[in-house]
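Several structures are given next for inspection.
In the two assemblies presented below, chain A is common to both, partnered first by chain B and then by chain C.
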Partner chain A sequence: MTCSRRDFLKNTVGSSLVSALPLSAFTLISSAEAAAALDEAKVRWAFLVDTTACVGCGMCVKACKNENEIPYDAPVTRTWVERYVMTKDGKTHIDSPLGGRDGFIDDKIRDEEIDPADIDKAFFVPKLCNQCENPACVQVCPVGATYQTNDGVVLIDREWCIGCGYCIMACPYGVRFFHPEAKVADKCNFCYHRISKGMDPACVESCAFGARRIANLEDPDDPVANIIRTERVAVLKDEYGTKPHVFYLGLDAGVR
Partner chain B sequence: MKLHVLRPLWVAIGLVGLILVSRQFLVPDDFGVHGRNFTYGYHRLSNIQEWKDFPVKHRGREFCVECHEENVSKLNASVHAPVECENCHGPAVNHPDDQENLVLDTTRGLCLRCHAWLDYPNSARGDLVSIEDKRHRRRRECIECHNPHDPREEEE
Partner chain C sequence: MLEEPVVHGVEWTVKELFVYPNEFIYWSIQIVMYPYMTGLVAGAFVLSSLYHVFGQKDLKEIARFSLVFSLALLPVAAMPLLLHLQQPTRAMEPLLTPHFTSAIAAFGIVFTTYALIVLSEIWFVYRKYFVEQVHALKGKAGLSNAMTRTVYRVLTIGAYDVGDDAIRIDKKAATVLAAIGIPVACFLHGYAGFIFGSVKANALWMSPLMPVIFIMSAVVSGIALCMLTYIVIMEWKAFWRRRRGGVEEAGEIKGVEVDVISKASRYLIGFLVAAITLEMLDLIFRGYTAMKSWDILRSVMYGKDFLNIFVLQYTLGNLVPFFLLILPRRTLWRTVIALFLVLFGVFMMRWNVVIGGQAFSLSFSGYMHYEIPVIPHSLETFKEGVFGALMVIATPFFLFWIINKFVPSLRRDTEGS
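Moving on, here comes the complex of A and B:
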């Protein structure tokens, strides 16, 4: 094979230029796809919980169960309220009877009487699905029945779910459960049927104290998103790297 | 090679082919990678719309005020203004068409959710008007004396 100096230089310059181009430069998308991608990118749902405002009335749990057709007396719930009572002896007493569905009207915790004089601090923490950016529950689904929508909410396809329960095990926050009637995995989806119509989730609407609020992080004018951006908020179990999108105001380090 | 050695191979290839063909009929057309990537967006696309079509049960006080203006305006002027109608009256759903009367909770337990005294110094519970459940008119329902639409009414 012969190769002139001219051909050698031509080929060398040409091939190095081509290899310098990233592969993604060749991905073709239609203008409709591009427009849809831009449009959907305008929504990223997140949630703000103000633990200092919560009084533990449990109206959110009641509203959630009625709104989302979760069996009212079954020991499963999409959202729940935990009570934390920290006493002077360093102990933390936690309970959530029926997920806080009927509120907290008794000062006994798990049949244990606690002297008010011994209490250092006591408060309520509402919990719900964190709609993580990297949801562990979605990664483990063997059939593609649970997935993340473009607006950040993790949904479950009730027709496609085989009820294997891997996702229930995978969630670090324990928000998933087996729905006793639908016979599939179930969890909070920020009331997707309501937020996609411009309404508040049922728990947000039923909260008389403003302890629960929904936010669109992509909207620069969203007042709740601005609180998340500008105030000191915390998330649960940050160390798992799931990037949860339920933000807490006034979260105590003792909350698990 | 002898034929009987190859025979299981043909069976295996046939099974794979059968699975591939039946997959074409069983998997919906809109099943595939739709979201961010395969890890998080491998699903049936029409399921998103199915969830959006889930029926709304709580209609909000904007719906209640259409017929019950007197009660809603009384509530809005009272200290109970932040409490939603449906918290006590139950979800409106198809009221009044299919459901003429709502399931109204008038029990003492409903009021005690907020107004039972708990000695919790760091919780907002302490800021509310509260009673000691065991001492305050134990056998009576709250609404016998207090009007939930305007709780201050009787005090005057």
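Moving on, here comes the complex of A and C:
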């Protein structure tokens, strides 16, 4: 068989084209695009707190400390409950002893006796990380050790955090602290290890009153997401532009 | 018995009224020291540049000293950060994986750039001296002479040409570097101000004026420290010379000094006025706009921190030295006292920003007091206590003592640019 130079070139070009055509069907995509193509991207975690249902028992704080291995007696906590007592003289009395871990068994607020007849209103407000859409903590981390996942949760890489505390300073909600043992920044992550396996966060599971619920805003059938969509909900400190994703039912204007 | 782990900040934070559970004074004395030392570096460099760039001839003596002193201060600007980090072994990470939306991420880059500028400027200024030393020590007996000569040989980096052309190029290079150094020094420190000014969660810190205020007070403190150290060292030398009987020599030194000091004080007063004006503007603006945070800010500034802010910082640290410096018939002693007070005033300003910014809760419903650990009982209470801060303050003088052995910034016979 003979093959002229002309035939050789012609066949080479032809076969290259034929093999290149199917390759062009592939495109380079970023990891975010890849994630978007998969179902896992159809998640945006959010949280719903019903302040009218909270009784301040502190079970959520207990559960959180145990689940997330935060030293039980250390005065730092990933979630906490605040008690508000507003009296007729216009004053607001707030406390959260041990983050409300042991409940509010004492009527006194910081040793101050408040006459029940003087009280206008009183309620409890659970707090946790707001998993902001525009998180100040992520913005200021100098090494990228704290980051936002595709499903909206802000996580901390304990192997990479240098412990400068800038994120703690940047968070308007005061949810961050230094973990006493790991010596790195720490905060609530909606129990990411649980929710990514289809379980509820520890605080949600331990709340007997349904005051804490987790939602996937991307799921049109999610009943909690539907409450956030259809009811009148509020967020904390939206003036900082962080777009917090913990929504509150029955949030009082006096809540700090 | 297993010891209960200590939460960072618990040992020196006292809470009052309602403070969020996780809030503590996380940024303590070392973060006060960080902008203070950085400011001294930047200020010292600016003082030396006044001569090198703007040709302020009568500042020549103090300019050379300031340049070398700013090198001694330089490592100390990073030291408080290292002492403050919870994970100091990871200190290089901001250089390895910088996350550039963070103001801190660029610290390593800005700091390194600045260090290179200072080092190369010193090299150009003192290269001729290094070469002369290599020649002078040649053939001299003794191990110490041989070792000193080796050090100088390394310092020349093999550039032995001291012809007129080469020296002219050296001088030009030093001037160019000094000129580039001014904006970089200002950036290094303005950027420290940005670290605080950009924290939107903190009502006291968040202000676009913060970087400018920081630069002005930095220059003030840098000039003051250089003047003070210069006076103390020169007086000390004159004192010893007088004791040895060289009265005439000592008299001459003092004569030169007064001129230098008068000129430097004029710059000091200028920057001091600028710094105070900006701080007052910031304060007035906050009061006038009276945003949500003003109630708690006012209670901190006019109440809990009144002594720190208005008595110690503004009166004792700014107003008193201002009058001590401008009133006629100024003596050297009065200048020294004024310089001490200026340095103290700038320190109080850093303190009132860093600690004052954490004196109130993010809830605006409570306060935190910082009780600085004096007697350390753990590594943490040492690092973030009085002794940690004193260590930081002492280090530049020790470093200067070493550097000055090879780069004699206080001798006249080391002619450079």
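Following the convention adopted for this analysis, the second predicted complex is superposed on the first by the 218 of 256 C-alpha atoms of A that agree within 3 Å, B and C clash if a C-alpha of one lies under 4 Å from a C-alpha of the other, contacts with A are read in each partner's own complex, and residues count from 1 in each chain.
By our rule, a residue touches a chain if its C-beta (ideal position, glycine included) is under 8 Å from a C-beta of that chain, and two chains touch if they have at least 3 such contacts.
Since we're looking at a predicted model, the values are computed, not measured.
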Partner chain(s) touched by A:G58 [first = chain B, second = chain C, both, neither]: first
First, second, both or neither for A:V235, with chain B first and chain C second: neither
First, second, both or neither for A:T77, with chain B first and chain C second: second
Which superposed partner A:I227 touches (first chain B, second chain C, both, neither): neither
Partner chain in contact with A:V43 - chain B first, chain C second, else both or neither: neither
Which superposed partner A:R176 touches (first chain B, second chain C, both, neither): second
First, second, both or neither for A:Q139, with chain B first and chain C second: both
Partner chain(s) touched by A:I168 [first = chain B, second = chain C, both, neither]: second
Partner chain in contact with A:Y192 - chain B first, chain C second, else both or neither: first
Common interface residues of chain A - those touching chain B in one complex and chain C in the other: 138-139, 144-145, 160
List of chain B residues in touch with chain A within their complex: 31, 34-36, 39-44, 47-48, 51-58, 60, 82-84, 86-87, 90-91, 109, 112-114, 116, 118-125, 128, 133
Of all residues in chain A, those that touch chain B in their complex: 52-59, 62-63, 66-68, 85, 102-107, 116, 119, 121-124, 134-135, 138-139, 144-150, 155, 157, 159-160, 189, 192-194, 196-197, 199, 202, 205-206, 208-211
Chain C residues touching chain A - in the complex, by the definition given at the top: 4-10, 17-18, 20-24, 26-27, 81, 84-87, 90-91, 93-94, 96-99, 101-105, 107, 195, 198-202, 292, 361-365
Contacting residues of chain A [partner chain C, same complex]: 71, 73-77, 80, 82, 92, 94-96, 98-99, 110, 127, 136, 138-145, 160-166, 168-178, 180-181, 183-184, 239-241, 256
